[in-house]
Amino acid sequence: MTPNASPYIPNTDADREQMLAAIGVRSFDDLVQEVPAQHRFPELNLRPALSEFDLTAEISALAARNATPGDYACFLGSGAYRHFIPSVVKSVVARGEFLTSYTPYQPEVAQGTLQVGFEFQSMICEITGMEVANAGMYDGPTAFAEGALMACRITRRHTIAVLDTVDPRNIEILDAYTRHQGCEITVVGRDDDVPADAACLMVQSPNQFGVVEDMAALAGRAHDAGALAVACVNPTSLGMFRTPGECDVDIVAAEGQALGVPLSFGGPYVGLFACKDVYKRQMPGRIIGRTTDTKGRVAYTLTLQTREQHIRRERATSNICTSTALISLLMTTYLATLGRSGFQKVAELCYHKAHYAAAEIDRLPGYTVRNDGPFFHEFLVECPRPPAEINRALLDRKIIGGRDLGDRTANGMLICVTETNTRAEIDQLVTALAEIAETAALAKTRGP
Amino acid sequence: MTTPDDRKYSEEHEWALVEGSVITVGITRYATDSLGDIVFVELPENGTEVTQFDKFGEIESVKAVSDLFTPVGGKIVEVNSGVIDMPEKVNEDPYTVGWLVKIEVSDQSQLDKLMDATAYDNLTAE
Amino acid sequence: MNVPVPGEIDRRLLNERSVPGRIGLQMPGLDVPEQPLPDAGLLRSQEARLPEVSQPEVVRYFTALSRMNFSVDTNFYPLGSCTMKYNPRVNEELAFLPGMAGIHPHQPDETVQGALQLIWELQSDLGEITGLPGVCLGPLAGAQGEYSGLMIARAYFADRGDTGRTVALIPDSAHGTNPASAAMAGLEVVTVPSDAQGNVDVEALRGLVDQRTCVFMLTLPSTLGLFEPNILEITGIVHQAGGLIYADGANLNALLGIVKLGDLGFDIAHSNLHKTFSTPHGGGGPGAGPVLVSDELAPFLPTPLVTRDGDTYRLTAPERSIGRVNGFHGSFGVLVRAYAYIRAVGVEGMRQVAENAIINANYIRVALSDEFGGDADRICMHECVFSPQAQKAKGVSALDISKRLIDYGIHPPTMYFPLIVPEALMVEPTETETKDTLDRFIAVMRQINREIDEDPDLLHDAPHDAPNTRLDEAGAARNPYLRWQPDEDSQAAD
C-alpha cells in the first residue's frame, strides 16, 4: 500500500473510495462539475513538496541570511522595541489550546481565551490609567487611526488635528483609514490653536523624536476647542511616566509589541485601545465582559457585540474582526511575569541606560543630542555624516545603528536603548561613533 | 399577551397612545419577542423634533440591533430614563413600564395613518 | 476562604491571587551610573496595580486557563467558514527562529535579505495559486485586505477620472465584514439577492449593475459552501458594466489547484492565511490578509512590496500606491508559517488539500441532510449548511444542538450564518480530519437528534460538561463589567 503523500492529510485512497461511494459519485471530478471546465485543474507553477527535514534546512538558511539583533548590538526603535522576553511567556503561548482555538464565539468552551482577554483589558487600564479597554487591535498605528475615527463618531465632526511631532508613518496610516470617510487631516504645531471644528487632537508621546509630550496641556487645549484628545503612547514608558489617564486624555492607543512580543520584522503585534467609560459603546473591536452562568458561577463573554461588523454590518464601528488574541496572551503573560515591580524596573533600566548613552554620545566631537524636551529611551542625534554612512560603518563592527531620520532632520539618527543593551554594547557604540567621525574628519582634511 | 386596544400601531411595530396633546410611544410585544433580551436603548434628548415614521433611536438585544421609527411626528417632551437605566423593563412590559418617549403632537390626524389593535394583530399573524 | 467544592475551578484573577513581595522574574541590575530623573510632574503618581505573583503561579494559572478552551489540537472543530485545519508544529518552530522572530522592522534591507526573499517567494506563490499576480502581504487580517482591495478599486477608478463609481454590490449571504469594509471605503452598499438555490440571482445582478458600480464583492465558494455555477456570466456582467470583481478569499481552501480566481475574471481578492494556509487562529488572531490583484491594478497596491533585482531583494512602494495600511511589512511571523506550509504541501499537494476538504464536507452533507434539513442533492464544496427547522418546530434550536455537541467534545459549527438560511448550522470539516472523526461526528449528530424526542432538556440545558453552563449574555451587555476592580472599588460601586 502506498503511504499518503502528506502528513497533514489523513485520508488514504481507500478512505476516499469509501467516502466517494457514500456520497454517490464515481470520482472526485464529479464533485467539481460546476467549476468551468476550461479553467478546472490549472497547472500550478509551484515547487515540489519538502520533507520537514528539508523545510527546516531551507527556512533556517533564509533566517541565517538576516543580521539578528543579539548577534549584533541593536539600537533601533521608532515603533518596535527589543526587550527581554521571559521563557514563561514563550512556553504559555505554545499551548495548543490557546494557539489553535478560534474567536470565542462559544464562550462555554473558550473561557481560557476569554479570561486572558479580561486580564489583558484590566492590565491596559492599569498601565494607561484609563477606565475601559478593548481586547486588542491589529497594531499601534491602526489603533491610533481607529481612535481618530471614533472621535469623529462621538463629536460628529470631521477635522482631525494631528500634532506635528507625530511620526509621519502614523499620519500616513491615519490617511489610509480616513481617506473615504470625508475627514480632513490638519497638522498643527504645539503652539497653534486647535481648529474650532476639530473632532480631536492627536498626540504621540514619546513623539517621533523620542520626546515626552505634555499630554495634560495638549488634552486641555483639545477640550477647550470641544475636541477629544487622542494619544498614542509607548506602554513601556508608563512604568515611569505620567499616564494618559492622569492627563485627562479621552482615547488612548498604543503599540503593545514592547510588552513581551518578538520583533518578528514588524508583526504580528497588538494594538492597545482604551478610552473613558462614557465612550465605550463607540469603541471599535472586541470587548470581553464578566458575567455568570446559569449556575451562578463566574464566566466571561464577548459583549457589546452590536457595535461590530457581524451584526451592524455597514454601520459597524469598524470592519475589524480580530483581537489579535494570541499576541494579547503574550502581553498578558509578560506583564503577569514582570509584575508590579518588574514593569517599573524595565522602564527605569531603559531610562537610565538611554540617558547614559545620550550623555556619552553628546560628548563626542561632531555629535549632538537634539531633543527639545525630556525623553524616555529614544533620542535624536545630529551626526557629523549622513546616518546611512555611519550605519554602514557600524554594521562592519556588528552594530545595528539607530534609525536614519535624515529625511526629517539634517543628519538625524534616532537611537533607542533598552534594558537589553548592556553597558559594554553602549560603550562599543560610543567608541565606534567616535572612530567613524574621526575617519570622516581625516578623510575631509586629506580631501582632494 | 393581548394587544391593548386603547392605542394605535405602526407597521414598524411601534405603538402610540394618545393622552391629550401628548402621545406616548413604545414598541410592541411582537417586537420584544423577536428581539429577545433587550440590553440597550438609545433615545433622543428632550426637545428633539421628530418626523412621523423617521428613525428616532435604536434598540439592541445581545445579538441584534434595530432602528426605532416614530409612529407620530412632533417634539419629544419626555424620555423614559427607566428603560435607559434598566433596558429589561422593555421586555417586562413594553406597553406600560417599557414605554420609550412622549411626543407633543400638533397634528393629531397623523394617527389616521396608523392601525388599530385588530389590524395590527392581523399583520403580525401573517 | 470559601468552602471547597469538588470539581470547582478556581476562577480568581491574577490580582485576586496577588501577594505583595512576590516576583515572577529576576530583573538584571543597572550596569550604568544612575542618571538624573525628569521633573516629578512628568512621572506617574500612582503605580499600575499589576499582580504580584511568583513564576510557578503564572505557569499554573495560564495552563489552567488553557484547559478551559476547545481547540483544534484537542477537539474536532468543524466551524464553518473558518477552516480550522491542523496547524503544523514545525511552522511554529520556524517562525520563532532567532533570524526570523528577532529581526527589527527598521533594519536596512541588506541586513534582512533572508526575510525579504521569503516575502518575495510567498508573494509569487500566492499570485500563482490565485492567478492574481499583483500581491501585497501587508494587510494584517482579512478585513484589512478587503479594505485595501476596495481602496485599490477606488484609486484605480479615480486614476481614470471615473469618479462616479461609488456602489459596492454585495450578496445577501455575505460575511459582515464585506459591507463594513465597503462603508469604510466610502462606498454605498447595495444588496444582491440570492436565488432559491443559494446562488447569486443573476437577473437581479443584471438589473443592479450600472455606471455607478465600483465593485461586486463575491465570496467563492459562497458562504453556503457552493460553487457559483454562473460564475463566468457573473464576472462578464460586472465587467460589461465597467465594474471590478472582488473575491472574498475566505473559502479559498476549496479552490487550491481546482481553479484560479484570476482565470474566472476576478480582479481583486484577499486571502486569509490563517484559514487556507494553516497559520494558527490563536483564539482570534493574529491573522494575515494579503491583497491580490491583476497586473492592471498592481500599481495601486499598498506599501511596501518586496521586489527582486538580480539576487537582491528590497522593500518598495508601488508607483501609485494607496499607501501604508499598517505599521510595518505585515504579519511577518504569520507569513513565515504560511510560506512553510506552501513549501511543505508543494505543487502536488495543493489540489489534494482541496480534494480532501471537499470530499469530507460532502460526506457529512450526504450523511446528515435528511435529518438536519440539508440539501441532499446539491454537491457542496468545502463546507455544508444545515437548516434544522424540523427540530426548531419541536422546540429545539440550532443553538441548543450546538451547545449539546459540546457535551460530546465537539466544537459547535458556525450558527445562524449565513443569515439567509433559517437556523443555519454550517459545518466545515477541513482536509485534516480523519474519516473516523467524521463518522463519530455523524453518529453524535444522530444521537442528538434522538435526544430531541427522548429528553429535549438535555439540549435546552446544554452544555452540561463544560467549565461553564450557558452564560447570562444579556446581563453582560446590560451592565458591562469590563475590567478587574479592587474590592474596595467594587464595594463602593455596589
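Each chain carries a letter (A, B and C) given by its place in the written order, and its residues are counted from 1.
Going forward, contacts are C-beta pairs under 8 Å (C-beta built on N, C-alpha and C of every residue); 3 or more make two chains touch, one makes a residue touch a chain.
Since we're looking at a predicted model, the values are computed, not measured.
Seen from the Cα centre of chain A, the chain whose own Cα centre is farthest off is B. Taking the mean of each chain's C-alpha atoms as its centre, the chain lying closest to the overall protein C-alpha centroid is C. In whole angstrom, the spacing between the mean C-alpha positions of chain B and chain C is 39.
Averaged C-alpha coordinates give centres for chain A and chain B that are 46 Å from one another.
Taking each chain's centre as the mean of its C-alpha atoms, chain A lies 19 Å from chain C.
Touching of two or more other chains is recorded for residues 40, 60-62 of chain B. Chain contacts: chain A has residues 305, 311-312 touching two or more partner chains.
Annotation for chain C: residues 473, 477 touch two or more other chains.
The touching residues of chain A, counted against chain B in their complex, run 281, 305-306, 311-312. On the chain B side of its complex with chain A, the touching residues are 40, 60-65. Contacts from chain B toward chain C in the complex involve residues 36-40, 60-62, 86-88.
Listing the residues of chain C that touch chain B in their complex gives 473-474, 477-478.
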